[in-house]
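As written, the chain order gives the labels A, B, C and D, with residue 1 at the start of each chain.
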Amino acid sequence: MVEILEESTGKDGRRVLKVAKENLVQLMKELKSHGFVHLSLITGIDRKDRLEVVYHLQNLEKNEYIAVKTETLDERVPSVTSVFTSANWDEREQYDLMGIVFEGHPNLKRLFLPESWVGHPLRKNYDISKVQYINMDENGEDYATFDPGDGW
Amino acid sequence: MNVLTRLADFFAAFGHYPAYILAYLFETLFMIVFVMVSLVAMIYIFRKYMARLQLRVGPNRVGKFGTLQLIADSLKLAGKESILPSGRDDLPFRIAPIIVFLGLITGFALLPYGQFYFIGSLTVTHSDVSLLLLFAALAIMPIGEILAGISSRNKYAVVGALRGVAKDVSFEIPMMISVLALVMMASAKTANPLNLSNLVEVQFIPYGIPQIIGLGVFFIAMVARASFSPFDMSESDSELVSGHSTEYTGMRFGMFYMGLFGSIFLSSLVVSLLYLGGYNGPYSGYAGFVFLLIKGLILVLISFTIWLSVPRIRIDKFVNMGWKYLLPASIINLIIAGVLTLGLGI
Amino acid sequence: MMGPRISNPDENGWVELNMGPQHPSTHGVLRLKVKLDGEIVREVEPVIGYLHRNAEKICELDYYCDSMIYFDRMDYVGAMNMEVGYLEAAEKLLGIPPPERVQWIRVVMAELSRVASHLVWAGAFGLDLGMLTPFFYCFVEREKILRIFVEACGSRQETNYMSIGGVYQDFNDKLIHDILEFTEQFPKKLEDIFNAYVKNDIFISRTKGIGILEPEVALDYGVTGPMLRASGVDYDVRKAEPYLVYDKINFDIPVSHKKDNLARFLVRFEEMRQSIKIINQAVKKIPDGPYFNPKAKKSLMIRLRGEGEVYARTESSKGEFGVYLVGDGGVKPYRVRVRSPSLKNLSVLPYLAKDQMIADMVAISGTTDLVFGEVDR
Amino acid sequence: MIEVKEPKKELPLIGTMKAMAVVAKHLFQKPVTVQYPEQKRELPDRFRFRIFLSLDDCVGCTLCEQVCPNISIHMQKVDRENPRNKRKIYPDVNFGTCTVCRNCEEICPTDAIYLTHVFETARTRNSFTYSPEELSLPEDEVVK
């Protein structure tokens, strides 16, 4: 069994496991073999000094819903796409909006925003006053630009 | 007496030959006006009928009951810029809608319309092979659609055109075989069964009764020819945007649109001529045309109901249906026709 | 003379076709990059984000009570379900439980909203298959539900009816009468719509046996809601983790083991019938009492403070709708995260549409019930 | 849990005709649409759209500006004598972005800002912003 750093109960009565990011994939595999087959949600939280990633998992047979937390200081977290396919788009979304780099992800591209978007909007230090405009180039790919004349 | 001689009589003051030349000109003009009016009426009926089925009111702003809506719409289409895509194949792209429209008008010109009041026969073409000519004209329209699809160099249009080819190939053979059965039956009664007028006049019992399978096959084929739902695979709007007419705008698109509604009316008239006794009926010497119109309109309404309530069939299922069910059915129908003609002498 | 090549097939002879974002069958702004081998779809890559507003960020910048309108605009065809989902989380975080009467009212509204959402889906699915008319019958019925919403709160679609700790306006007798009138005539109309679809053998041939989704794959991709239940997994948040007063109501969860498009269609229709059953029970059981929690009244609206982390999940019309709220003790949430079921349901489309025909791909994307306000957020 | 049943299998063509009959039946029903400018459906009591402002009651507390989720309300300086509104600031509303969430009505301590039944607010001007004075006028007196 993987070493669990901390186990607590959240305000909503769900079990929260805290784990070091090196052990994350191992823990996920073990949880999956214990019946937690449904990875429901991946959330990145910007705690200013560190990034926190929360995984919500569900056991359908025992009707149990738990959260797994991990932290990173260098924006890098191992990807769990190899364990749960549903992590694929969630991780892309968190990379897109939060800037968390999931190592080992097969196709780590932005999900919502165009590739050339500057910054990750859900970060607390993201400057929302700088407007970026989106346009489409000749190949049909979207791109972002700061120039209002170039945008739609 | 028919339209031509009536017109020639009217212009007799100009001399014999000029009178006939004028008569031909005016006959053509009347023909085109008839086609245009029937198209406008068709679209108006469709919109009102669709609206009523869908618990709506339909066009009611322009003119009384929205009767002028279609004229407003066609003016709008004519006034719109007709965009030419840069990658097009120029000549086919331009002539494709015209081919569709020409095929439509030719088809209408070849039909026998029966007698009407004092004018006499309204039939325009008097040919001994008008049945063959009619199906030749019907076969022109797909060519325009395929040309349009391929020349616009749009992937949706190409897929639509190829679907159109697959569709046409799979229903035309059963259609022709079921018509062949009719010709067989008619040949016992008349020396010229390829003449549409003769084919109609020998129907003391409408051919739809002994030839019920043939009627079914032919009607399905005609629905597929007019290409509306369930057989609108070539322009299926939820998959291929608009199929072969994706790149067309303005009046060029309008021609495809009119081609669609025109072919619904045309195929209804053809079905009623071939299978439902056409202009035969009591007092057909005066009101034959009216009978034809009524039968045609009933078929048109049935077609519209099918259009509005049936989902689109998948192209491979349609091809399967054409070769596995329609073709055997039409051959069985041919055998039945042979038995009826030779054995029973109907 | 040959013109330019129409398409540039790749080494397999496959042609790339771009469907959307402006396309009649994509229910909004979905863009599908499709690799075609003739009629057959070999590869699909959904490209999303054309309706992206980053509602999560906007909610972080606003008060707790203001986030409601952004949740309304997520699943805009079933807005009440979104409000219930957000309030489940927000009320736990802020510690303002709604009174008993409000809970019953919310159940009624959420179920009406579910029916409205499924009706939109049923109509649009017909359009995907080329059926024009049943769409209007669905919308006529939906309009009656929206009329009830207007009577209740003054808005048709983005209702903003529920507030933290209560609802904005109370139910009255006329409203209850109208709802009962609707539920009385609706099942007959629903059967009409149902018959217009399933009697048709072309419809059956277009849906039966197409788009088979195995339950293991569905869970692996995170698919929930009617799609999961049509794959044979008996899972519904209303039963698994009852919220509001769903545990006091008698209803069934429709499940099908056929796994195909037709199964999804039938499950959704059966859900509508069950919703009507729920509404009929709940309307009669609404108790007397206050319609808001006094702790959240009026001018207190912008002074609510919450701390901690709450994950609340509800069953929206598309599937499991989860809201993860993190508060830091301020008047604005620190982090809002939404689990949108449509996004997860869409992510399985590349798997389902592989090696199907174009027409079937459109039908499958129809049965996933996409609403782009929710996918893109 | 209940298992949904697949519908009874219909004969080919016959089933299609039954479905067509279901649709064709609607031909004889009355249309449900309303011809808008001539006919108007009665509005339910709680229907709300246009925001009104009572200039005498407004105390300029800026609560509506704070609670507006879409930043549609801004406070404007209006030169007007009102003993209760010392700062002389009143809200204006941009109806181009207003989502009719009714938060401003809900939070207003003096009920100065309130929503009404009026919804025909089409205008030819480019800006949909109503100044405080315009907000206090009936709709047909507002310059469009």
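Just a few scattered comments:
To be clear about the criterion, a contact is a pair of C-beta atoms (placed from the backbone, for glycine too) under 8 Å apart; a residue touches a chain by one contact, two chains touch by 3 or more.
Since the model is a prediction, treat every value here as computed from it, not as a measurement.
Any chain bridging subunit C and subunit D, meaning touching each of them, is among B; the list is complete. Interface comparison, B-C against B-D: more C-beta pairs in contact at B-C.
Compared with subunit B, the chain whose C-alpha mean position is the greatest distance off is A.
Of all chains displayed, C has the C-alpha centre closest to the centre of the whole protein C-alpha set.
Between the CA-based centres of subunit B and subunit C the separation comes to 45 Å, rounded to the whole angstrom. Centroids built from CA atoms put subunit D at 50 Å from subunit B. Note: centroid distance subunit A to subunit D, computed from Cα atoms, is 38 Å.
One simple way to say how far apart two chains are is to compare their mean CA positions; for subunit A and subunit B this gives 60 Å.
Counting partner chains per residue, subunit C shows two or more touched chains at residues 133-134, 137, 140, 196, 200, 202-203. Within subunit A, contacts with two or more other chains are made by no residue at all. Across the assembly, subunit D contributes 16, 19, 22-23, 26, 32 as residues in contact with two or more other chains. Shown are all chain pairs that touch, namely A-C, B-C, B-D, C-D. Those residues of subunit C that touch subunit A in the complex are listed here as 18, 48-49, 52, 54, 56-57, 60-61, 92-93, 216, 219-222, 233, 235, 240-241, 308-313, 320, 322, 324, 326, 334-335, 337, 339, 343-344, 347, 376. For subunit B in complex with subunit D, the touching residues are 49, 51-57, 60, 305-306, 308-310. Partner subunit C is touched in their complex by these residues of subunit D: 1-7, 9-13, 15-16, 18-19, 22-23, 25-26, 32, 43-48, 63, 66-70, 99-103, 106-107, 109, 115.
Within the complex, the subunit B residues that touch subunit C are 50, 53-56, 87-89, 150, 153-156, 158-159, 163, 229-230, 232-233, 236-241, 307-317.
By the touch criterion given at the top, residues 16, 19-20, 22-24, 26-27, 29-33, 35 of subunit D touch subunit B in their complex.
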